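Got a structure for you, questions after.
Lettered A, B, C, D, E and F in written order, each chain numbered from 1.
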Amino acid sequence: MDFRIIKSPSQSTKDILKRRMGANCNTDVDSIDAIGLVQGKLIDMIYAADIAEKTVGVTVEDIRGTCPQHMMLIGIFGDTSSVESALSQIKLKMKEVK
Amino acid sequence: MDFRIIKSPSQSTKDILKRRMGANCNTDVDSIDAIGLVQGKLIDMIYAADIAEKTVGVTVEDIRGTCPQHMMLIGIFGDTSSVESALSQIKLKMKEVK
Amino acid sequence: MDFRIIKSPSQSTKDILKRRMGANCNTDVDSIDAIGLVQGKLIDMIYAADIAEKTVGVTVEDIRGTCPQHMMLIGIFGDTSSVESALSQIKLKMKEVK
Amino acid sequence: MDFRIIKSPSQSTKDILKRRMGANCNTDVDSIDAIGLVQGKLIDMIYAADIAEKTVGVTVEDIRGTCPQHMMLIGIFGDTSSVESALSQIKLKMKEVK
Amino acid sequence: MDFRIIKSPSQSTKDILKRRMGANCNTDVDSIDAIGLVQGKLIDMIYAADIAEKTVGVTVEDIRGTCPQHMMLIGIFGDTSSVESALSQIKLKMKEVK
Amino acid sequence: MDFRIIKSPSQSTKDILKRRMGANCNTDVDSIDAIGLVQGKLIDMIYAADIAEKTVGVTVEDIRGTCPQHMMLIGIFGDTSSVESALSQIKLKMKEVK
């Protein structure tokens, strides 16, 4: 399971993400401060999306490769401290279930 | 073979699952209490779906990545104790066949 | 190469299989007693399908993941003892060619 | 690289192969005696197809999984001794280039 | 994570890249001096694209295989020294997060 | 990274290649003497295509599996000595960058 955080993402990074998130996306990517990225097995990412959703101040989106298979990447969008706290929650809860 | 259980799933988690389950799905995802997730080889997941179906109080759905190949993820939906008992049954029976 | 046998499959298991077998399938899945599943490399599964077909009382179908690649899953349908005998034949003949 | 030979293939085996060979196939699969199967990396299979084509009495076809990627399976069709001699040629020539 | 730099790319190389970059590409590939290529996990490539975009004098494009899955290749276009400096930045920042 | 050279390719080999090269291919495959095949990671194959293009007397084409992902196969077409010299150039230059 991999974690990355991008602060003040460039316009081109936002464009790559928007092209991969599809039409029915609830996040206004252009106005956000930070992006948390989490990549892992499909089963873990559904679990992680649920944890992130239950923290305050972030939205969660499914970012697809053209053919993501059993791997999945989720984006967590919000201000920097909310995104950091969502990532910490995921790391903590994943440690408990293993 | 991986197992996860999500209690009181967030709306966004339900949305990710619904988008991946396709149209002919028999489960009313919005009204359920808990979701059991099992990921593994196609052959084992068909076997596990049969075991889960034969326990009381759950429904089983095929959750697809865009291109799931020889891996497959199934969702087991119901109240928390029924989902937990379906997951236990799967773990027990898979141990017997190995 | 993996082998599983499902006796008295549940309706939901039959539905998962039927959705993955496509339209031009010769087996009446709803009336069968047992399902044998064999998963392996494409080349071995074509070989195994031929062995199973030559045993009495079973039909063989190609069960596809959305994108099965070089892996393939076949289903062997019939009464329990015929399916068991087809699986034994495959194990025996595969041992000879290795 | 894997090799298999199927003598007097069953009708069902021929049907699986025909469905995977596509429309512009030059071989009359129904009238042949034996099928040689070779599975390996795309680059090796193009090389092997050329060797098989240059032996007498066989035709060569590209058998695709739904999504064969960098792996490829070729079928070599003809009478048993021609197919066996084509497979021997491939094994011999592949040993030379390694 | 792999890095390559192509100086004065041939026309045929530019054509392969243009076919794989799709229609909504902002770079005039025909007039550039050098191409930096970075291949890695989807999550790292989004991160790397953001780093490259923040260096001066380059544009970044997503280069897809037909089915790139959880791997992704990005192209960094510009004059040779700008491309080299973008690649150095990526190597430096990736070392920090590991 | 794998290399193969096919001298005086059979008609059937040319047909397999032509079906996989798509419509906008610049090479007259039917009139060539030899085919060089190189298979490897997408990033290395773009690099190798550029090296081959800069040697005299060959053309380079992208040969796709149905779903080639992060792997790619290129074909180098021309007379035998030009193809051999393009393959040597690729081997030499790839050794330098590693």
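FYI, a contact is a pair of C-beta atoms (placed from the backbone, for glycine too) under 8 Å apart; a residue touches a chain by one contact, two chains touch by 3 or more.
Keep in mind it's a predicted model, so treat the numbers as computed, not measured.
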Both-way neighbours, i.e. chains that touch subunit D and touch subunit A = none
Shortest chain-hopping distance from subunit C out to subunit F | 2
What's the chain with its C-alpha centre farthest out from subunit E?
-> C
What rotation angle, rounded to the nearest 5 degrees, superposes the C-alpha atoms of subunit B onto those of its identical copy subunit E?
-> 120
Give a one-word verdict, same or different, on whether subunit C and subunit D use largely identical residue numbers at their interface, taking over half shared as same.
-> different
Whole-angstrom distance, CA centroid of subunit D to CA centroid of subunit F, is 23
Distance-wise, how many Å sit between the C-alpha centres of subunit B and subunit F, to the nearest whole number?
-> 46
Subunit B to subunit D: how many Å between their CA centres?
-> 40
Among all residues of subunit F, those touching at least two other chains are 66-69, 71
How is the touch graph of the chains shaped: line, ring, star, complete or other?
-> ring
Can you list the ring's chains in order, from subunit D toward subunit F?
-> D, F, E, A, B, C
Along subunit C, where are the residues that touch subunit D in the complex?
-> 24, 41-44, 46-47, 49-50, 53-54, 59-60, 62, 64, 66-72, 97
Listed in rising order, the residues of subunit C that touch subunit B in the complex are 2, 4, 6, 9-13, 16-17, 19, 37-39, 63, 65-69, 71, 73
